[in-house]
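Listed next: structures, encoded as structure tokens.
Each of the next two complexes has chain A plus one more chain, namely chain B in the first and chain C in the second.
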Partner chain A sequence: MYSSRYGLWAAALAVYAFLYLPLAIVVAYSFNDSRLNAEWVGFTWHWYQVLLHDEDMLIAAGNSLLIALVSSLISTVLGTLAGIAIYRYDFKLLNFLVMAPVAMPEILLGVSLLLFYIQVLNLTLGMLSVLLAHIVFSIGFVAIVVRAGLAALDVSIFEAARDLGASPWQTFRHVTYPLILPCMIAGGLMAFTLSIDDFVVTFFTAGVGVQTLPLHIYSMIKTSVTPEVNAVSTLLMLLTLALILAAARFAPDMLKGKY
Partner chain B sequence: MTKPYNSEARLGKYLVGGPPFLFLLLMFAAPAVITVIASLSYPGEFGGLAPLVARDPGTLHGVTLETYRFFFSDFIYIEIFLKSVLMASATTLFCLSLAYPLALLIARSPKKRRDRLVLLVILPFASNFLIRIYAWMIVLGPQSALSRLINGILSLFGLAPVHLLFSSFAVLIALVYVHLPFMVLPLYTNLEKHDPSLLDAAQDLGANAWQRFWRVTFPLSLPGVFAGTALVFIPALGMFAIPEILGGTGDMLIGNLIKEQFLVTRDWPFGATLSIMLTIAVLMIAWLTAKLGARRYV
Partner chain C sequence: MAQLEIKNVTRRFGDFVALDNVSLNIEAGEFFTLLGPSGCGKTTLLRMIAGFDMPDAGQILLDGKDLADIPPEKRPIHTVFQSYALFPHLTVAQNITFSLRMARNALSEVNARLQQSLDQMRLAGQADKYPHELSGGQKQRVALARALINRPRLLLLDESLAALDAKLREEVQVELINLQRDIGITFVFVTHAQTEALALSHRIAVLNHGRLEQVDEPSKLYGFPGNRFVADFIGHINQLEAQVLESVHSHLHLSVAGLGDIIAPPLPGAIPGQRGVFSIRPEQVRIGMHNELAELKNHFSGTIQSVLYQGDVSVYRVGLADGVTVEALLPNSAPGRAQLFEAGDTVKVGWRHDAGMLFHD
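Here is the complex of A and B:
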């Protein structure tokens, strides 16, 4: 029994190393005083300074933040409504529409929206087209967190509110809303992270109109690999890490593999 | 929550669910319908689609199955499709064999430690998708320690050096890397629920560790295996960024072919047809894994 336990630990440690080593190398080389991501030469802040003076990068980062902010706010509202409607009213068709964009390969969402924007809406690709696309795939994540939050609540408090004469709106305003607010915040932070990280859907819906951080990183990787990419990656990792951990404070079950 | 039972509830359903419903009807369902229509259209003169109803009478286009016929007439497209299925299957198998011991360890750890071990699986996956691919560009690059080590060993045996980057190997390893957490989580959720007394009973009845695993734990975990398979196989099948960045010229998958049709050759009807084919494949996998996952194996 003990030998199999050690074997399991060894295998698990190897998998953790596989998960973390490549990212650790990216971070380490962002401080490396060499143009090549090949071997350690010496410590430098140089690539972070390059980053701060890279105007294209800063514009892309600004766009990404703006899109993430607006799309996460809108998808928090729509996702919360969807989560309530699915849980409370068993709205099956809505459940399908909310989950399908999350479950299917992103490229399918990307190309169908591209077709829709160009052929039907006659919309010039840019900030707006990316924003709408991000809302489509973010709603589902907010709805999942909110619905799970509702399912964890004690049913009797709603009955009590009703028995005490509260209207449905009053019940929502004074009972449901304060109780699911942490889930809404957690879902909103998730939506923000998903938006700022998204590459595939953005790739198809941005056109030449707008550059986001992932699109800019992609073109850098494709053309000239410099440790500046490592520097921006490190900063982006710190940001998403902070967001995920913040979200987990509001909905602790989120990081326990419960959804 | 009390389930609603009257017309007021019906009103509530559409009042609350209405806004997200309408938004997704417009921004998800309508684009899906357009994709089907596009796959049945003729290509436009300057890319895009030809109008279904012609503006002047001489040029009526209408509906056609031409792109579907084209897909099946040229073996190269079917070949790319099959290669994508093969690649996604390999990804799923490797993910399963890496995830299983990890999930098992987490599930059998003391309760307090479990959450932290799960968090350690999720955290790297929270970093940007492109960054995780880029990391492998560095690890597999010709100057990297790994490349030099492997080629050093190969030269000891008098073998020619290999290129790790821009190869099917690089594509596969990155596919496994980005999808691994999707396999660990459903497996862990399943394994955590197993009743440990079953294993004690098996041991009392004389089963050794090997038999206890293959005849108790593994069959019981199959629903988790199939859930993880769906979560890994489906996104891996439609992947285009990884072959684009880490693959060589011969490593095109179905996702790259779709991208090519939409952004390079601008044959939108054919691109839409390929998307429909991919959707059908995805739905088949989802249906199959759901069906297998719902069966009883013990």
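Here is the complex of A and C:
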């Protein structure tokens, strides 16, 4: 009995080590006072200072933040509308059309968007094309969260609002919107985290016009891996973690239908 | 002219006929109940009156005016939903004043009416609470207050007592009767619980499979059900296979399986040889020892098969000849005695010659 419990603990430990050890190593070596990610020499903030004075890195980070902010805002609005639509209308095709980009392999999405932008829209690849691409893959995620939030509500409250004299717009303004706002925020935060660290779709749709943080990190690794990469990865990890925690704070109450 | 007229309303969902040519008149100030088993169409009819569904054929008129082109938010009709449908993100006060605020009433007017409503519904201390902080009974009163605050012409109640526990339900029934009498607004109540319908209503419409079976006052419905379905659905009733032997002005002479010949109330149009079901309520059946019931024209010998003790009353199942059984309901008015007879006792059962009725096949 007891031995099997120890066995379970050991197995769990092994799995978590497998998941988190690589991340822990990246974080640890960002503080390593050596040019190489080989052996531990001593603690330093040096690589974070290098990071702060790396012009290209800062431009890439600025681009990433801007793209993440704008694309998450736009996809929150569009995703919310899509979420309401698929909740309200029992229309399988609509559901599929909204959700398909979520399930589609990123490489396929990247290639098809690249071809579409160049051959059909005749668009110069750059900030705009990356922005559009990020909106495309974020809408579905927001829609899923918003629809789940709506599904957790008592359907009759929307009828109750109309029954009490609220026009369709008043029903949205005074009942639907305040009730799904936490889901919209959670969905928006998810969209932000998806956008800021996206590589595959961005790689295909950025061209040479714009450099984002993940693209920049990739190009740095191609030449040489310095602990500066570890430092920027650590910061990105922290930001993502903070956003996910924030999203989780908004989402669970909603998804339990308690709010 | 009745306040609400339902004229030949039919509603189909695919092949399923939810309502089949139903016509009803509901008078102003009436407590009217739509009663029937689940799937009988009562909720569909309520949703049509509220405006959430439309008839395939027929008309619904309020004060003589056709409601067909009027959306739910424009109808002077409010609903108390089965789940109450309180807005979870709004306080009690915000919930109650919702309709006034949507209609952009002046704030002073809104607050005055809110105060009045909170007092009337005994919600004075609850104004700033959220729905999830309220008890079931309080939620129900908030839902009522919210639906009544702008004085609708008609209040619809959709199984509105179903979510309350039995003890509270009785209290709320009394409150509902008093409230309706005080404010004089027409109530249309939907329920599948016949005791609730009998206790609350001025008139009851019994629906079954989308058809209107009978519309009547509670005591008429219970005492003189128009057909077998109504007799069986409202309360309990013994049903015995019977054949008419003789039909005269003053009574019927029936042959009932297991009982032999009995005398029953007259049924106009009954002819000798006709088959049917003789129905009698358990509380009309009496049980006695030996020759106690000899003065009754209908009395038979039997054996007590089982006793169901219910506190105030006991239900006795009495076996007669040929495997026929009848149920009798006797009050346990003698203190401390759980039952008057025990299983296995040989007894006499009987009932008055003017009790019960025949429904023909």
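By our rule, the second predicted complex is superposed on the first by the 247 of 259 C-alpha atoms of A that agree within 3 Å, B and C clash if a C-alpha of one lies under 4 Å from a C-alpha of the other, contacts with A are read in each partner's own complex, and residues count from 1 in each chain.
Here is the rule we go by: a residue touches a chain if its C-beta (ideal position, glycine included) is under 8 Å from a C-beta of that chain, and two chains touch if they have at least 3 such contacts.
None of the values given here were measured: they were computed from a predicted structure.
In the superposition on chain A, A:H174 contacts chain C only, with no contact to chain B. In the superposition on chain A, A:E159 contacts both chain B and chain C.
In the superposition on chain A, A:Q119 makes contact with chain B only, while chain C stays out of contact range. Of the two partner chains placed around the shared chain by superposition, neither chain B nor chain C is touched by A:L235. When the two complexes are overlaid on their common chain A, residue A:F18 makes contact with chain B while staying clear of chain C.
Legend: residue contacts after superposition of the two complexes on their common chain; A:I59 is shown touching neither chain B nor chain C. Touch criterion met: A:A100 reaches chain B, while chain C stays clear of it.
In the superposed model, A:W9 makes contact with chain B only, not with chain C. The partner of chain A that touches more of its residues, comparing chain B with chain C, is B.
Note: residues 153, 159, 162, 258 of chain A belong to the chain B contact set and to the chain C contact set alike, using the contact criterion stated above. Taken in their complex, chain A has these residues touching chain B: 1, 4, 7-9, 11-12, 15-16, 18-23, 25-26, 29, 36-39, 77-79, 81-82, 84-91, 93-94, 97-98, 100-101, 103-109, 111-116, 118-120, 132-133, 135-136, 139, 143, 150, 153, 155, 158-159, 162, 168, 193, 197, 199-200, 203-204, 214, 217-218, 221-222, 225, 229, 233, 236-237, 240-241, 244, 255-258.
Across the complex, chain B meets chain A through its residues 1-4, 8-9, 12-13, 16-17, 19-21, 23-25, 27-32, 34-35, 38, 48-49, 98-99, 101-102, 104-106, 108, 114-115, 118-124, 126-139, 141, 143-145, 177, 180, 184-185, 188-189, 209, 234-235, 237-241, 244-245, 255, 258-259, 262-263, 268, 271-272, 275, 278-279, 282, 286.
Per the touch definition, chain A reaches chain C in the complex via residues 153-154, 156-157, 159-167, 170, 174-175, 178-179, 258-259.
The residues of chain C lying in touch with chain A in their complex are 50-52, 71-74, 77-79, 81-83, 85-89, 98-99, 102-103, 132, 146-147, 150.
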